[in-house]
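What follows is a group of structures, each given as structure tokens.
Look for chain A in each of the two complexes below; its partner is chain B in the first and chain C in the second.
What follows is the complex of A and B.
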């Protein structure tokens, strides 16, 4: 057991070193995504606030909305981690075979390397939020508390696992299909709108909000961001965590079925 | 010219037969693009629940702009995406040798050799969205407006292509194009919002040095606004400048290219 944990920890640190060895790309990705997302959101919402000459839209003031748009891509990236490609490529190229001699299962190995990305992105999100607070101050719309921060971290951990299981299930389709990256992009597009990255879910029509609460996408961005900002009530925490656990169980089940059927099609020499 | 057209016809035939070999992927990519179109239309419909005008345009006008940038995206995905994706790899691996010895422009061959047949279906869908957006537009649409809009979209496509190639050319010296590629993809978000929302120095930059706000917004202005000729002239001048810059820097880059495993 201790040997396995030590092995997984070395996978985690090795992946961290690998990510940080491409520092320029890493920081361009970090700063570029924040600048583009915040820049576009700033001009879009400034135009709407000025056009209507109002102080608030829904539950957000303008500075509050900017803080939301700062956190949404960062939390989204934290949960998405390495995102895609590694599992389907291993199947497609036949390199899955090398995991037979590893002392841990394939998915534990992959999840440990996924966590390396997640922990780095989480640190970036925390630093960005702190810098926002230092330079601009936190808007009055939000009530920060240690409890909401704790629930947000728990929801991030659960959502990270759910996203990993969902993407692993989809990438396992590579046992049957030649190229599955477009399926992963479909999930990413859906998360962009229905997860609340493009626009906060509270600005959707009410019928859509009621529906999206039970879909997994909201838990990849909107739910943890709203929880950090103190916009979710304790009842919403409990319901959200229960929905997350439910989807995580379902995704694990699907992954098990797809993987167990798919592995019998694997030839070991690439497809 | 005839040689280039004949070459393009061969590219088209090879690409369709290749796409038909991977039918599941062909279907997945069509679904992916349909979702992308639906999400962008849905995004603006939600925005217009909270305002009646955005960047000077109402919802009907915004749908024409959205259809324009979806068409621009479909054109880029169909004609360029597969090719441009491989360009930095060819430069780094030294595979450019095979293209430099051919009796056609190396940039043309590298940029248009692989036609994305699956995205071609989406090009038809994006065109249908444009027809739907124009049909729902209550103001009169003149034939001149439509001609200028199509000309503007062609210029916008050319400009997007030139900017994208300019982000690849540094690979000749840097050997990694990932950073600039990421910058380009982040900046494409500015294409997807109307230029009317940008103000001050940001607007100046986004319509000249980093002309992302020109690519889809200005063609839409030619159909919607009264200042058609000014918009066309602005777009044409910027596209020409970027075209010359691309050609110049490509040749400079080729001089720095040191062939295999450079």
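What follows is the complex of A and C.
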């Protein structure tokens, strides 16, 4: 067990070193994506607030909405971790071979490297929150509490695993279809839309909200963000964590089946 | 250490007609072809042996190596490597094998070799002292100590290959699969890698299977070769016996005195079944059927001003090539 943890830690630190060796990309990812997301949200919602001459939309004031739009991509990225495509590329290009030769579990290895991205994005999220607090102050329509922060962290951990298992299952379809890029893009889009990155889920029709509670997407963005901001009640925490655990078990099962069948089809490029 | 019995493997390959029409058609209906990559292959390799696996492109060499390494599973037959079924990929098995693929990078492109090796230390659970000692030894022998901190992607092909070798041997595997380890390398790098492999064999006594298209690799490293043709073993034996068993011709070379030469009646001397390889006032070389070598030599001695005469076997590379092509 100790050796396994040491190995996972090695993969984790190696991946961090790999990411940090490209500093231009690091800073562009950090600043560029926040600026783009926040910029679009600012101009869109400012126009809506001004034209309708309103103080609030749903449960959000304008500064509150901006904080939501800052947190949503940051937490979303933290949970998504490594960029998509890495598993399917390994299968497609035949580099999966090295993981089959090494005495390690491929998915454990990949999850450890996924966590490297996650931790880096988490640090970025913390820094961005701090800067937001210093320059603009936190809007008073949210109630921050240590308990909600703790629940948010637990949900983030579970959601990180769920997202990984979900994406790994989908990318493993590459054993059959070679190229699964569009499948992954669909999941990414669905996560953005039904996860609350584009529009807060509380602004969706109520029937859609009730349905989305049982889908996995909300737990990748909306649920942890709302929990941090103190917008989720304790009953929602419990239900949310249970749904997350359920989906995680299902995704693990699916991943196991897909992998066990898919590996029979692997050729490692060329015959 | 390696036992394969009646191993067969087929692949289902998608066929697509050329051109846009073919691509559009394939969107709706695909045609498939079953390709038999290996047919009833049997093979065994002992500790300390380096077996050269030869064959033309598509003969099944890499497929066989992948099956023995546990990457592919065979459709039929039995494989035992170090008393394990490779396909089960038990960690205990994988800790004792190594696969080097000349055409496929296994190290992490964005990292310096030293970082990759550190990760491999954890993967193979190599004790720190043994790791340090072996890394120093391997890096020094291959002459890459000063390159360990350079990003893999910034190394030359030869340097990268040397790093791949270090990565593959750090855990001192008992079985080493070398799939075209010298492909694309210059002569100096090829030589360095060959002598390193021999040195490693001497010190660690592993079983090795080598595939290569370079005859120099085979000549220098392998006593025994296995020749595959269209997925079947057509020869399994000593390299030195290939000539006895398969050579159909001899090369007769005569060094001539250019001052005394009048005319080289090459065709007449070599006969209808011979092939003149070189015909100058200084040298006459002819390839003749084995049983006609003496007769041809006599003809040359009688008709030409010979200074020196030599009868030699065909180049082993050409013989192997002919076997691969089923000639």
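Following the convention adopted for this analysis, the second predicted complex is superposed on the first by the 266 of 271 C-alpha atoms of A that agree within 3 Å, B and C clash if a C-alpha of one lies under 4 Å from a C-alpha of the other, contacts with A are read in each partner's own complex, and residues count from 1 in each chain.
The working rule: a residue touches a chain if its C-beta (ideal position, glycine included) is under 8 Å from a C-beta of that chain, and two chains touch if they have at least 3 such contacts.
In this text, all values refer to a predicted model and were calculated from it rather than measured experimentally.
Legend: residue contacts after superposition of the two complexes on their common chain; A:177 is shown touching chain B, with no touch to chain C.
Here chain B and chain C are compared by how many residues of chain A each touches, and B touches more.
Within the superposed three-chain model, A:236 lies out of touch with both chain B and chain C [touch as defined at top].
Touch criterion met: A:268 reaches chain C, while chain B stays clear of it.
Of the two partner chains, chain C is the only one touched by A:101; chain B is not. When the two structures are aligned on the shared chain, A:16 is found in touch with neither chain B nor chain C.
When the shared chain is aligned, chain B comes close enough to touch A:203, but chain C does not.
In the superposition on chain A, A:29 makes contact with chain B only, not with chain C.
Applying the stated touch rule to the two superposed structures, the overlap between the chain B and chain C interfaces on chain A comprises residues 22.
For chain A in complex with chain C, the touching residues are 3, 6-7, 10-11, 14, 17-18, 21-22, 94-95, 97-98, 100-104, 264, 266-271. Remark: chain A residues 22, 24-25, 28-29, 32-33, 35-37, 39-40, 43-44, 46-48, 51-52, 57, 176-180, 182-183, 185-186, 189-190, 192-193, 198-199, 203-205 touch chain B in the complex. Of all residues in chain B, only 22, 24-25, 28-29, 31-32, 35-36, 39, 42-43, 46-47, 49-55, 176, 178-179, 182-183, 186-187, 189-190, 192-193, 196-199, 202 touch chain A in the complex they form. Put simply, chain C touches chain A in their complex at residues 11, 13, 35, 37, 58, 62-63, 66, 69-73, 89, 91-92, 94-95, 97-99, 101, 104-106, 108, 110-111, 115, 118-120, 122-125, 151.
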